[in-house]
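The structure appears below as C-alpha cells.
A, B, C, D, E and F are the chain letters, set down in written order, and residue numbers restart from 1 in every chain.
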Amino acid sequence: MNILVINPNTSENMTDAIRESARRGAGSGVNVDVVSAARGPRSIEGNLDHCLASVGVLERIAGSIGKYDGYVIACFGDPALEAACEMVDCPVVGIAEAAMHMACFVGSKFSVISVLDRARPTTEELVRKYGLWEKCASIRTTGIAVLDLERDPERAAKRLEEEGRIAVQEDGAEVLLLGCAGLTGMNERLAKAVGVPVLDGVVMAVSLVETLVRHQIRTSKKAMFMKPEKKGIVGYGSVFDVIYTDGPRGDR
Amino acid sequence: MNILVINPNTSENMTDAIRESARRGAGSGVNVDVVSAARGPRSIEGNLDHCLASVGVLERIAGSIGKYDGYVIACFGDPALEAACEMVDCPVVGIAEAAMHMACFVGSKFSVISVLDRARPTTEELVRKYGLWEKCASIRTTGIAVLDLERDPERAAKRLEEEGRIAVQEDGAEVLLLGCAGLTGMNERLAKAVGVPVLDGVVMAVSLVETLVRHQIRTSKKAMFMKPEKKGIVGYGSVFDVIYTDGPRGDR
Amino acid sequence: MNILVINPNTSENMTDAIRESARRGAGSGVNVDVVSAARGPRSIEGNLDHCLASVGVLERIAGSIGKYDGYVIACFGDPALEAACEMVDCPVVGIAEAAMHMACFVGSKFSVISVLDRARPTTEELVRKYGLWEKCASIRTTGIAVLDLERDPERAAKRLEEEGRIAVQEDGAEVLLLGCAGLTGMNERLAKAVGVPVLDGVVMAVSLVETLVRHQIRTSKKAMFMKPEKKGIVGYGSVFDVIYTDGPRGDR
Amino acid sequence: MNILVINPNTSENMTDAIRESARRGAGSGVNVDVVSAARGPRSIEGNLDHCLASVGVLERIAGSIGKYDGYVIACFGDPALEAACEMVDCPVVGIAEAAMHMACFVGSKFSVISVLDRARPTTEELVRKYGLWEKCASIRTTGIAVLDLERDPERAAKRLEEEGRIAVQEDGAEVLLLGCAGLTGMNERLAKAVGVPVLDGVVMAVSLVETLVRHQIRTSKKAMFMKPEKKGIVGYGSVFDVIYTDGPRGDR
Amino acid sequence: MNILVINPNTSENMTDAIRESARRGAGSGVNVDVVSAARGPRSIEGNLDHCLASVGVLERIAGSIGKYDGYVIACFGDPALEAACEMVDCPVVGIAEAAMHMACFVGSKFSVISVLDRARPTTEELVRKYGLWEKCASIRTTGIAVLDLERDPERAAKRLEEEGRIAVQEDGAEVLLLGCAGLTGMNERLAKAVGVPVLDGVVMAVSLVETLVRHQIRTSKKAMFMKPEKKGIVGYGSVFDVIYTDGPRGDR
Amino acid sequence: MNILVINPNTSENMTDAIRESARRGAGSGVNVDVVSAARGPRSIEGNLDHCLASVGVLERIAGSIGKYDGYVIACFGDPALEAACEMVDCPVVGIAEAAMHMACFVGSKFSVISVLDRARPTTEELVRKYGLWEKCASIRTTGIAVLDLERDPERAAKRLEEEGRIAVQEDGAEVLLLGCAGLTGMNERLAKAVGVPVLDGVVMAVSLVETLVRHQIRTSKKAMFMKPEKKGIVGYGSVFDVIYTDGPRGDR
C-alpha cells in the first residue's frame, strides 16, 4: 500500500517533521511518501495562504494519479480537501478532520490548540463545517507563528502546555488536538503534561487512510465528490488535463 | 493485540455473523474474540431492549478487566457505550459511532438503513448525540425485525437495496450505513447495487479500536469518562465490585 | 389517582426525602407511593451508575403493571425514561425533563446546579436531547458527592447558593434547577438567597403526571414509545415476561 | 385560586368555546374567568392581527392587576406573552408554549395542525423561539380560516383528521397539537381518529398555571421579565399607568 | 424616491437624531421623512414597551399607504416589522436586521452594544430569529437607559468604548453594532476608539431600502408577508380599515 | 467610485452578461469594470473548479491594489472571498452572500435555483457557512451545465420556472435566488412567472459594495480578515509580493 502525504506549504523542514510522524502512523507494509507543495506560501496561517496552497496540493495529486492508494493533506485547515476528493477515487483525508473525528471516540469534548490568533475564526468555521461544533470545548492559540515553531520548539511546547491546561481545567476539554502540522510530534509531551489524550492529526490521518484502503472503501462519486465535468482550463499548463479531459459530460 | 467484540443481544447466530465481520476488519497480529451478552433480550429494537442489553454488555466488560486492549460494542444503538468508556482506560468503540464518523471521510451526507420503523426516532437521537445530524441525509427502515433478517436474508438484501436506492436518489445520500449489527456482511452487495460506499460498522469499529490501540490513545479520564466513584451497589452479585471498590472519592 | 415515584438509586434516606417532596407536589386525592430501586448503586453520578440503576427502575415498573396511573423517575439523569415510556401506556415523567420544561414558563434561561464535576457533560447531553440547550445559561456543580449531601446539608446549601449566585449574576440564569434528587427540598431556601425561582424536579414531575392523568393524556404508542416487540429474554428472571410476551409482532 | 384566560381576539363565540375547555382544564377549587380582548381584530391569522391583538391582551392584564393568581393567553401565536410576563409576578402561560412543552412528555415528535397556510412560517418561528424545533415533525394546515371553523365544524374536523393522519403516517408525528384556539375541544375526536394523543393548548395552559400557582412558582424578575422601567407613555389612556409609574429606575 | 423612517418611540429628541443619521444614509434624489410614533412609551427597553410601540409604528404605516416607496423602523428591537411587511408591498427594513446582515459582509463575528441589561435576552432572541446567532460574538450592555443617553452623551460614549473594547479583545468581535437607535451617530467615534468597523443601523437600513427600491424588489406576498385577510376589527378607530377591508378571503 | 467585478471563470461570454447586470446594479457616478479571471477553468461547477478559479480571482485583486474602492466576486460559490477580504481594506462582496442576505429583507424563506445536481451539497455548505440555513427552503437544480445556459437560454428559462414553481408551491420559498452567475439577467422573467421576488446576486453585490463604500465601511482587520503575515512564497511569480512583503509580523 502506497500513501502520499502532502505538506501544503513549501517549508522543507516541516515536511521532514511530517514525514517522521506519518511513518510512525503507518502500519507494517505501508509505504508512505511525503512531499511539499511545489508552489505556495512558506506557511499557511490565513485565508490567502490557504487558497494559494490549495493549488500546490492539487498539482501534487494531479501529478501522481494512479500511483497512490490514498492521500493525506497535512495542514490543519485541510486545504483543497474537497477538490482532492473529486479528483481521485481513492481516500483523501485531511489532518484536521482526522483529528476531530478520532477525538470523538475518546472524549466528549475536544479543544484545538492552534498558532496565531487569526486561526480562531477559520478553525471555528472548519469545526462547524464538519458538524462537530457541539463537541468543541474551545479553540486556543499560542500566538507563535508557524515558522517560529521550529526556531524555538521549547517555547512552543511551553505555550502548548499553558493553553492546553486552561482548555482542560476551564473550558471542559477532555481531549486536545494539535492545531497545526508544524506541531506534529509534540503530542506525547503535551499529553503527559496535561493528563488527557492529545491527538496528532498527521498520525491519525495516515492511519485512517490505511484503514479505508485496507477495507476498499473509496470516496463516493455521488454529488459532492463526483468527478469534475469535462471542460477547458487555461493558465495552469497541462497538469490538470488528465482530470478535465476525462470527466463526465454533466448530469444534465 | 486482543480485542473483545461484544454482541449486546443474546442471539448466538448473530454473534457468529459478527465474528466473521470483525475478523475481516482486524489487521494481522490482532486477536479478536466475539461474545454475546450473557443476559438480555434476543434482539435489540427498542428502548427497553437497549437498557436491558446494556447490563449484559457491562457485565462482559467487568468480567474481562485487564484481558483486552480494546472493546467493540456491536449493536447500532451503541448500548452502554459511555458506561463502558468509564470502566476501562482502553478504547471502546460502538459500531454506530464508528460507521457515522468514518462515513464523513468518504461522502458529505450519509443515510442509515435500519430495521423496524421504531428505530427511526432513536437513531435520530443517536445521530444528534454524536453531533452529525447535518451530515445525515435520512434514516430509512426495511420493516424487517432483527431476528427475521437471518430467516430470509434474500428478502432483507432486496429491501436494503430498495431503501438504499431511494436514499441515494431522493434523499441525497452519498454513503450508506448498515443500521443494525444483524445486517453485517451485507455491505458489499448493497454497494454494488446502489453505486455508493456502504459501511459495515462492525468492520469500522474493529479497525478504529486497532488504530487507537496501536497509537496508544486511551480514553480520556477527565469528566465524561472518569472512573466511577467508589460506592456500594446491591443486586448485581460481585461482578461490578472490581469497578466500584477501586474508584476515586470524587472530585470534591 | 395513584402515582409511583421511583428513586433509581438504592439509598433509603434519599427515598425518604423524595417521598416528602413528592407528597408536597401532589394535589388532594392523589396517592403517591415512593420506592427505591431494589438493585443498583447507592448513588447515581456517572454513566455506569446510570445504566445499572436503569434496570432497577424498569423492574419496579414491570412489577407494578396495572397498579398505577402514572410514574415519576426521581433522578436528574432521567435513567430508563424512554424504556419506561415503552412499557406502560400511562404517563412517565423524569425529574430533569419536568424541571427543564417547567423552567421555560417562568424565565428565558435556566441554569442547573448539579453535584460532581463529572455531571457537566452528561447534563449537557441531557439538555441537548430535550432540545433545550438554547435555554440553558449554564451547568454548575457544587463538587459535593450525592451521598455527602445528607451528611452535611448546611455545606450543600451554602455551595448551592454560591454557585446559584454566579449562575444568576454572570451566566444570565433567570431560573435555577436543582440538578440532583438528593437536593430535593432545598429549593425554597435557595430561591430566597438568590432572588429567582428555583425548581425542584420531584415536585414538578409529580404535578405533571397528575395533570396528564387528570386529562387522560397517555404516552403515544407511535414509533418512539411503541410497546416492545414480542421476544425472548434471558437472565432477568421472569420480571419482564409480562412485557415481552404481550408485544406486537413488529411493524413489518 | 383565580385564573384569567384571555382570548386575544374579539369573537365572543370563540371565547365561549375557550371558556368551556378552560373550565374542563381546571381542578376543583379553581375559578376560571374567560374574557375576550376589548379591542383588536375578529380573528388572529397573520402578523398584523398578532400585533393589534397584543394590545388587547395587555389592556386586560393591566386592568386586572391584583385580581388573579395567574393568566392564560388563549391564541396559538402566544401574542404579548413576554410583555404580560413583565407586567405581573404571577404565572402567565400561552397555549402554544403549553401544548408544545407538554407534548414532549408523551412523544418524541409533535406536529401542529394549524389553520391557513400563512400560519406555517410564523408557527415555525414560534417553535424555534421555544427551542423545540428538533421535536417538531411538521406544521400542517387545514386551509380553513379561523372564523370559518365554527361555521362548518364538521368540515374542520374532517380536514383535521386528514392532515393529522398524514402528520402521523408520513411526517413521523407521535403527538398532535391543535394549532388554533378556535379548534379547542376537537382533540378527543381527532385522537380517536388518528390513534395518537392530541393536546388542546387551552386545557394544558390552565393546568400548568394551576400547577405553578399551587407551588408558588412566580415569574422570574431577572432580565427578560423584569418589571418595565418607570417612563412616560402617550396615547393609551391611563390603563398602563399602573405599570409605568411603579417601575424600577433601571439597572444602571 | 420617498422613504419614511419611523421612530417607534415617542421621544422627539431621539427622532431628531434619527433624522440626521437617516438623511446621511440616503443617496442623492432620495427624500427621507422621519416621524415618531404618535402613541406609545417614551422609550423602548422591554417587552411591554415593544408591544405598545408596535401599534404606534403600524398606525404610521396605515396612515401613509401609497405615499412612500419604502419604510425603515428605527428601533433595535425591530418592533412590528413582520406586521409592517404584511401591510405594504414596498420594502420595510428594521435597523437591527439591517445592521446584523450588513455586518456579515465586513467581519466574521459581530457584537451588539446595547443599553440596559434587560436587553440581553431579547436581543439574543432577535439574533436567533434572524438566523445569525453563529455570527454573534456577544451582546454587551452599557447599563445606561435609553432616555439617559442624550442627558449625558459623553458618559454614553465612554461606556460604549469600554464595552466595545472588551467585545473586540475578549469576545472575538470583528464588527460592532450600535444596539439602540438612541446611539445613532456614535459609530464614527467608537470605530476610531476600538479599531473595527461600527455599524449604525439607521444608516444601514435607509441604504438598504434605497437599494431595494432602486431595483424594484418588493416584499414577497407569499405566506409570511401575505396581505392580511379581510376581517372586522374593533377599538382601533378606522386607521386599519384600509388594510382589513381590502384583504384576500384566505388561502382556502 | 470605482468597483471591479471579477468573473472567476474564463468564459468571456459570461463576463459580458455579468457586465450588463453589474452596470444595471450600479448607481449614477459609479464606474464598474468587469473582468474574467486570467486563468482557471471555463466554468465553475465543482470543488476543483472552485479552487483553481480562486487563484485567478486573487491574481486580479493583487494586480489592481489601490485602483478600486470595492470588489465583487461574481460566482455563486463566492470563491476566494475570505482571502480577498484579507488582501484589501475596501469591501469585497460575493454574489451568493449578497443574494442570501438581501433575500432575508423581503421574505422569510428563500430557495436557490442552481445548475448541476452536484451543486446541491456545496451550496448547502455555503448557506450553512453564512449561518442562514434556517432561512433556506430548498436548493433546486435545473440539470443544465453552466456553459450550456447560453447555448439554449430558452430551455434554461423554462427549467428555472419549473423548479422555481416547485420551490414556491411545495418547499415554502418566498423568494428565489439565481444560483449561478451564468443565470444573471433572468430574474425578471422568472419573477413574473412565479409571482415572488427573484434576486440576481450580481446586481445585489454591486449595490452592497456601493453602499459600503459610500458610508466608508471597510473590512474589519481584526482576526478573520487581518492582513496576511509577511512571508516567502514560491511558484506564483511576483503577483502576490505586494501582499506578502508588506504584512504584519504576526500577533505573537
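Observations
Everything below uses one rule, namely that a contact is a pair of C-beta atoms (placed from the backbone, for glycine too) under 8 Å apart; a residue touches a chain by one contact, two chains touch by 3 or more.
Note that the coordinates shown come from a computational prediction; the quantities given were computed from them, not determined experimentally.
Touching chain A and chain B at once are the following chains: C, F. The mean-CA centres of chain B and chain E are about 52 angstrom from one another, to the nearest whole unit.
The distance from the centre of chain C to the centre of chain D, each centre being the mean of the chain's C-alpha atoms, comes to 28 Å.
Contact with two or more other chains is made by residues 108-109, 120-121, 125, 128, 134, 172, 174, 223-225 of chain C. An unclassified topology is adopted by the chain contact network, corresponding to no line, ring, star or complete arrangement.
Those chain pairs judged to touch are A-B, A-C, A-E, A-F, B-C, B-D, B-F, C-D, C-E, D-E, D-F, E-F.
The touching residues of chain A, counted against chain E in their complex, run 120-121, 125, 128. The residues of chain C lying in touch with chain B in their complex are 10, 38-43, 45-52, 54-56, 58, 80, 82-83, 85-87, 116-118, 120-122, 125, 128-129, 143-145, 147-148, 223-226, 228-229, 231-236, 240, 243-244, 249-252. Here chain D touches chain C in the complex through residues 25, 27, 91, 93, 97-98, 101-102, 104-109, 130-135, 168, 172-175, 195-197, 199, 203-204, 207-208, 211-212, 214-215, 217-225, going by the rule given at the top.
Taken together, the chain B residues at the contact with chain F in this complex read 108-109, 134, 172, 174.
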